[in-house]
Every structure is written in C-alpha cells, then in structure tokens.
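Remarks on the structure that follows.
Going by the order they are written in, the chains are A, B, C and D; count residues from 1 in each one.
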Amino acid sequence: MAIKTEEMVLNMGPQHPSTHGVLRLELILEGEIIQKVTPHIGYLHRCFEKHCEAMTYPQIIPYTDRMDYLAAMYNEFGYVIGVEKLLGIQVPERVEYIRVIMGELQRIASHLVAIGTYGADIGAMTPFLFAFRDREVILNLFEITCGARMLYNYIWVGGLSHDLHPDFVRLTREFITYFRPKIVEMNELLTTNRIFIERTANVGILPLETAINFGITGPMLRGSGFKWDLRKDDTYSVYNRFDFNIPIGEGKVGTVGDCWDRYYVRILEMGESLRLIEQALDQLPEGNVTSAIPKRIKPPVGSVYTRVENPRGELGYFIISNGTTSPFRVKVRGPSFVNLGIMDVLCKNHMVADVIAILGSVDIVLGEVDR
Amino acid sequence: MKSAEEIFNILKENFNDNIKELVKQPVDPYILCDPLKINEISLFLLSNEGLLFDNLMNLSGVDDANGMSTTTGSITTIEGGTLSVYYHMESTKFRHKVVLRVSTPREKPEASSVALVWRSADWHEREAFDLLGINFLNHPDLRRILMPYDWEAGYPLRKDYANPEFYHGMKVPY
Amino acid sequence: MKEYFQNIWYGFSTIMIGMRVTFKHLFVPAVTIQYPNVKLKLPERERNRLYVNMNDCIGCDQCARACPVSCISIETVKSIPGEDLGKTSNGKKKALWVTKFDIDIAKCCFCQLCVFPCPTECIYMTDVYEYAEFERSSLVYNYVTLTPAEIEAKKTNYAKLEAEKAAQKAAGAPPVKPAEKEENKQ
Amino acid sequence: MIVYDFLYNIVFNITQSAVAGDITAMVISAALPLLFLVLPFAILAVWLERKVSAHMQDRLGPMRTGSHGWLQTIADVIKLLQKEDIVANDNDRPLFNLAPILVFSGSYLVFAALPFSSAYIGSNIDLGIIFIIAASGFVVAGILMAGWSSNNKYSLLGAMRSAAQIVSYEIPTILVILTIIMITGTTNLRTLSEMQTGYFWNWMIFGGAGLSLSKFLFIPFMIIGFVTLYISTLAEVNRTPFDIPEAESELVSGYHTEYSGMKFAMFFMAEYANMFAVSAIVSAIFFGGYQSPFGYLGNTLGLTWMVPIEQFLWFASKGIFFVLVQMWLRWTLPRLRVDQLMALCWKYLIPIAFVNLIIVGLITVL
C-alpha cells in the first residue's frame, strides 16, 4: 500500500522577504517539491494605462518612472521614443548621446539591484550591500544631473529637462574606473562561490524555444543562449554607433539557460554598459538639449508600437493618438510582466528554496508587473 | 524580411475574407482581421516557413469608443461600436514585424484566443479580459489578473467606466 | 574519486577567496554616514520641497495645469482698475490677486513639471527634505500672503465692479451689432 | 572545582548536612554560567555580529547607544521585554509556550559542562563531551515543538528541516569526537583540557602532548578532524551557510516566525549562546580549552590565584575567536539548499570523518 500523502498549498507572499514586492505565489507542494506555481499579481495595480488617458503627453513621463522604479530612465526613454515617432521629430545628437549614457548607467544600477538581491535571496547579504553601495554612486550621478535619485522625469519628448552637470563627465569617468574592480570583487565573492553555483547552476533551466514562445526577453532570453538584444537587433537612438558585445549564457557551470547563466549575463552586461558609456562620453557632441522640445505636444492620429531594451527585457509602448493632447490609449508591454508568466514552467519539480532562486533570476519589478 | 504589404498578400491568399484590409498610417500599418479566425491566422503566421512569426511582442486590447456616447451627469455610457485587439508580432529569424487588429462588437466582445499559439499571449489576454472585458474563446485560464478576483464594478479601461462608490465597504474615491 | 576531491578543493578555495574579500572590507572605511549628525551636501539641482515666492506670482495657473497629480490649487480674482499690484522681479506686471495658492505636498511627486512653465520663475524646488508632519493636513501649504479679510475685500471689490459694468451695459452702452459678433466668432 | 568546594563548605558549615551542601553547591555553580556567561555573552555576540557584519559591508552598524553602540543589544532586549506576547488563536498553546524554554535550556545545558577554567566547571561530569552532544540534540525537540505548535507552514517546514539537519550533523560531530576519545581515552572535558597543558604544541590540533612519532602523524588528520567538526557544529547551530531552518529569504524566519517579544528573544539568545557553546567545544577539544598557549603570567609572577582567571580569559577569547569566524563565514557565504546540505553531510563529512577515524585508530594501534 502506498503511503497516503497530502499536497500542501503554500502561499508565498504578498508579504514575503524575497518576492521582491507584493507578489503572491501559490505553491502546491509535495513535501518540499513544487507541483505547481500560480502567480497572483495585481496587488500594486495603479491603473497606469487609465491614468494616461486623462493626462497630457509630458505629464505621463513621471508616471512611467513609477512603473519599473529601478530603471526609471529607461522607461522614460522608451516612452519618449514612441511619442517622437508619432510626432515625427528628430532630436539633437547630444540629446541622443546623453540618453544612451543615462540609459546605460541605469542599466548598471538596475543590474546591481538584481545581482545584489539575488545574492540576498540565495542567502549572502554582503553582495547585496556592496551592490547597493555601488548603485549609490550612480544615483549620485543622476542626482547632480536632474536632482532626483530614483524617479527622474529627466528624458522629455524631444529633449531633456536639464543639460549635463559640468562635473558629470569627470564623475562618470571616475565611476567607471571605480566600478571595474568592483565587478571582479563581486565575481570573487559571489559568482564563483561554490555554494552559489550549487544553488543556481542546473536550476530553473529555460530552453530557448520555450523562452521565445513565452515571449521572454532581456537577460533571461540571452541566458538561454540567444543573441537577441534590441539595442543591436532593432536598433534605436544612436546605439548603432557603438561597439559592444551581447553576452549570452554558455552553460559554463551547468546547463545553458539555468539561473547562473541568467545571473552571469547580467554581470557581463554591466561590463558592456561601461564600455558603452565610455564610448558615448568620448563621442559626446555639443549642442542644446532643450531646443527640440515641442511647445505643444499634439501628435497626429495614429498608433505606434515602440520597444527598447530595458534592463529587464523588451519594454514596449503601444500608443494610440487621436490627435488631442492626451493619448487615446497607452499599453505597456512590461518585460517583468511577461517574464513572470513562465514561473510555473521553471519551478516545476524544484524545491521551495529553488523558487526563490528562480524568481530572483527572473528579476521582476512589481511596479511594472502590476502597473 | 517582408513588408506589411507582402504579408498582407500572403494572408489574403490563404484566408480570403477573414482578412479585411491593410490600414495604412504613418508609422505602423496594420491588417484588419476576423476576430473569430485570429487563432488560425496566428498559427499560420507562426508555422509558415516564410513568415515564422515566433515572437508575439505585445497584445493590447483597446476600447475604440466609436459607438453612441450619451452623457448624463458625470456618467457616460457608450453603446454600440467596437473593442479592438492589436497583435504586434515579429520573427526573430527574418526580423520582420506585422501588426494585426481585430475588432469585435462592444456588446458581445469575443475573439478567439491565441494563448495556445504563443504562450506569451496568455497573460496579455487575461489582462485584456480583465481591463476591457474582451472574452477570449478557448483561453486555458481566463481569470482576472490585475484587478481583484471579486471586482464587480466593470472593466476599468473602457471609456465609459465609472468608479464604484464602495469596494468591500471602503470608499473608492478618496 | 578525483572529481570528489576536486569538488572539495573547489569548494574550499572559493570559500577562502570569498572570505578574503570580506576580510579586506573589515578595514575599508564605511560609506554610510551618521545621518542627523552628518549631512551630505546636496547638489544644486536638488528636487525636494516646493516653494512659491508669492511676490513674483502672477496667478497664471500654468503650474497647476502642468501638475500630473493636481496637487497645486490656485484661485485668483481680477484686480480692479486703479489698483497697483506691483511688478514681479523680472518686470512682468501683475493683474490678478491670488486668493488661494495651496500645494498639497503629500500628493506632490517631485517631477518638477510645474517649475518649467512658470513665466516668472516664482515656483521652484528647494533642498529642504526634512518636513515630516504629524497631521496630514499640515502638509497642505498655503502660500497666499493676503489675509482672509483682504481676500474678501478683493472679491467684493471685483464683484462690485462686475455689477457696475453689467449695470452700465444694461443701462445703455451701445449694444454690439449681431453681424460684428459673428465676425468675432469666426 | 574551587567554586564548588567553596559553595559546599559554606552551606555545609551552616546546615551541617552533606546532601544539602552538595545540592546547593551543585545548583548554584551550575546556574552561574546563566547569570554571568550565557546572557552577557549572547548580548555581546549579538552586538559583535552587528558590528562585524556592518564593517564587512562598509557600513557602521549601531552607533548611537553607547560608544559604538555597545548598549544596542541591551536596548533591544528591553524593547523585546516590553513587547506584547502574541499567541495566535490556532497555536498549540502549551507547546508554543514551552518551545522557547526548551530551546534555551538546551543551549544552556551545554554551558553546565564547559570547562571554563581549572577552577570552575559547572558540572564536572565524566561524560562531558557526550553530555554536550546529547544536550545540544535536545534543542531539536524544542525547535520541532516550536514549528509544529506555531501552526504555520513556514514554521513547520523550518522545523522539519532543522530536525533533519541537526540529527544528521550529529554523526560527523560524534565521529570526530570519537577520534579524539580514541587518542586521549577520556570524555571528561576537564581532563582533556589538562592533557593539553603547557605550550600550544601540546594542543590536540598539533597531535597532543608528548613527542612521539605518532604526534606528528596525527597532525594532518587532526586538521581534517577540526575542519569537519567545525563545519558540522556550524550546521548544528543553524548558522549560515547552514541556516536553512530559518532561511530568512525562503521561510521568512523558519520555526520562530510566529514568536514575538521575550519568547523570540529566548530563541535569539539561545542561538547566540549555542554559537559560543560549540566554539568552546571546538576549542576545548582541539585548541587546549582553557590552556594558555604560552604558559601563565600568574605562574611566572608567583601569583597562583591569577592562573584560573587567565585560563578563563583564554577560554573566552578562544571561544569568541571561533564565534567571530562563524560570523565571518555567515557574512561571506550564501545558503545551501536542504538537499545539498544533506549531501554535504552524508557524502562528504561522514565519509571523511569515518576515514579519519579509521586512520587515527590505526596510528594509535601502531
């Protein structure tokens, strides 16, 4: 006679230290083995899209900041590209370069949070604080540029709210020289650590076909070994002028597409972003950053779908204009939202502790999942 | 790499009347399709050797608000007209993109689900169902996603949506 | 067997490397500061509490319209001829009495959108960030310089003027010709 | 022993009863560590942990209460004492209330048999080491009780993990201790410490006293034994990388999720007291216990009364050193998964400890 067992339903979240916000995962467990994961989202739903319909185009920008609050610059970036496409305006070169610099700094900051919290999820607190210490330097750079540390409202339709601070270029170069050794240190402390590898290698393997079918993008897709980066593959702004690599998961310590690969892609991407920033700083042209800002933003009737490579993946804005000063419909395709949908596939037959490891490697921001 | 027109022609050959027209606009032209055949069209787009649209970038429901609008006091009601769903897809191999659009009557908004073609559509469709009330036929798990499961005050993204006064005894507009 | 010992060695060596890193950091000076005792110097573009310089405000309502969260509410009364409201610091002539200028700083999202449209640069963000209150209502800042009595006076003055004008119109000011009216509309 | 005799004499003089004197002296001398060692040490260790972690992470840590925040833990304890004691409706009340006491007494029991100095050992039992192992196993019962009675799934998972973990890791611990027993032939911790007297090369980690060939043969195996013992004791006190029972990021806080106020403080204190206890055992077994590595100042100066005090200081500093290493490990390493934890125990530690035992046995026979 078989031993009678009972499935246990464990609600992980909405208040839980490592669900990165108010996410609820309904785990169906057999012992400690996961049978099924059902993510329940919406605890942070603010109806961003409904808000947009009542506001003018520039007023939406502070709201886009609040979606993916760890990569606010990039949210603005994507949004303004969409509106500029609708308006059909060209922005000055200097603006484009500054946007790229800001976007890449933001990518590093966002990846630092991802890596740091991933370490904390796995149980190592020190990398978390090291990551935040370094992120602080980037936030200081943003602060001298636009006065805000997290929700910038810096990138505007047709331009920027401020020009760079006179010290910005020097401080950014200092940051680059400061930060390179820190990546090595992070590798020593966490990436190559045997326990960390044990916890993440061969866990939550995401095969490439599944990833594409699920619409997975960003470091997750690249972790599965697909060279796909919108900065190169559907280039926007001035990214085509820079030389940078797209790191992909190679299965160095486990299988291609496991948690470690996703993590390591982020580490490598930080290095690539540093290279990008260096090149952009070298080529930074002179110019006026506010000259192309339209007085009144009133795009013609039409719709546009733009997408940018957010630190978390493909951030898409679908904007329909009906010719008034506020959009008719804005739909956001959040990378975290789509990436979270794969939790069930990744977690099946893993243990409770792996759910945390997998969720950390998906790197969601609930502000954007729930919008 | 195929342009929207070429894709439209291929689709027209295969699906005749289910493909209505190619609407041209300055930025992204889109193809208007039949809402109840969209799953077959999608499957064709995904599996056709020359198209291979393997990545559904975005799926968005839209309230077209093109019906009769009557306003009494602060409450607006819209009758007739359509709700639409836009499908943005691309091929990671050929790097071409296409936009499909289906329109379904507001009173009985139904479209067939593409969640089994692209799994990424699953949550997008749930979101469109949740916020606009578009019923996706044959969807594996059509539940509310962003709003509370017991939300009864209608679909927030419709243009005639009005906030309820109370939700579980809590006053809604603060 | 070889793998077994390699595993052990790998585990040990990486743990040692990690421990070396943390040990080094024991002697690195801390990056944190003792906040209320030590304060960082804020950069000049710092965006914190809003401030309105009422001497310069002309009551144009542009900031209120730019605000995405509607935290600014402004009411104005037109001045009557003969009243001198003074000039703003950049030479604009004021024409409106600002009878209400409230900023609900609890709602404010610090986006700075209100600052840019201001024609007289009278609304700006300061570097004050310690303004916690015990009451939510005390976070609504009133910037109006007029006393309630004055506001009442301005309102009645204006109402009187309006009434006079209306009376004048009714009394026999030459009515505008219908044809002209239509032209104006077009 | 001086403490015991001293107390015994006082009571005996008053009551003229040997039984009364024996019992009173035993109770008081066994209770001394609680007052003078366990609580102060726990308070010190919590503060140390916070400072060590802070400095490793380029932070300052507590700075306000007292110089460099050394009063912080005391303030925390006072706060915890004032807090409401929350017992949820569905908790199993008797077990829920009993569990923290059990856990605390489990870790406190260990202190009774620790040889703090040649003059003082709470209870000088001959089965010292075995008693300590048994007593620390006692903690499992408390943890299981806490997990079960909390009626919380996280607590239950944590408790189950903890039970499995502690029970498994006792095996390598005992195997290593058996190696030592085989060499020294004693389980009395005081005798064991006395055997390692003199200079540091007489410590067990360097093969014990004497200058025979076997002493030098022992050294590598003693080091292996020490590392194995240290790792397994680390697991027994649920410290990172083996803190899966409380695994903050997975199980919220594991078995003490539902506890608040003083009951939580008891778990907390027990954990830190335990840390010192296992470090003390490691130092007693391998690093000469209370023995100074360089001889005693008291002996040189001719002040024999100073020797026990010095011994106590040496013992405490050795213990605290190993506690610091535990903290250092904690703030460096991530956490293992529950199955990997078991794999480490059964696939690595136990075979190594066993082979070590056999080899040491062979050397002893030779």
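Quick notes on this structure:
By definition in this document, a residue touches a chain if its C-beta (ideal position, glycine included) is under 8 Å from a C-beta of that chain, and two chains touch if they have at least 3 such contacts.
This one's a predicted model, so the numbers in the text were calculated from it and none came from an experiment.
Here the chain at the heart of the structure, going by C-alpha means, is A. Set against the C-alpha centre of chain D, every other chain centre is closer than that of B.
For the pairs A-B and A-C, the larger set of C-beta contacts lies at A-B.
One simple way to say how far apart two chains are is to compare their mean CA positions; for chain A and chain B this gives 26 Å.
Per-chain CA centroids place chain A at a distance of 30 Å from chain C.
Once the centre of each chain is set as its mean CA position, chain B and chain C turn out to be 39 Å apart. Distance between chain A and chain D, defined via averaged C-alpha coordinates, is recorded as 45 Å. Shown for chain C are the residues that touch two or more other chains, namely 15, 18, 21-22, 25, 31. Touching two or more other chains at once are residues 56-59, 331-333 of chain D. Shown are all chain pairs that touch, namely A-B, A-C, A-D, C-D.
Those residues of chain C that touch chain A in the complex are listed here as 10-11, 14-15, 17-18, 20-22, 25, 31, 43, 45-47, 66-68, 109-113, 116, 125.
Chain C meets chain D in the complex at residues 8, 15, 18-19, 21-23, 25-26, 28-32, 34. By the touch criterion given at the top, residues 53, 56-59, 153-154, 157, 240-241, 243-244, 247-252, 331-340 of chain D touch chain A in their complex. Every residue of chain A that touches chain B in the complex is listed here, in rising order: 41-42, 45, 47, 49-50, 53, 85-86, 88, 210, 212-216, 226, 228, 233-234, 300-305, 307, 314, 316, 318, 320, 328-329, 331, 333, 337-338, 340-341, 370-371.
Contacts from chain B toward chain A in the complex involve residues 25-28, 30, 54-58, 60-63, 86, 88, 92, 95, 99, 118-124, 131, 144-148, 156-157, 159, 161.
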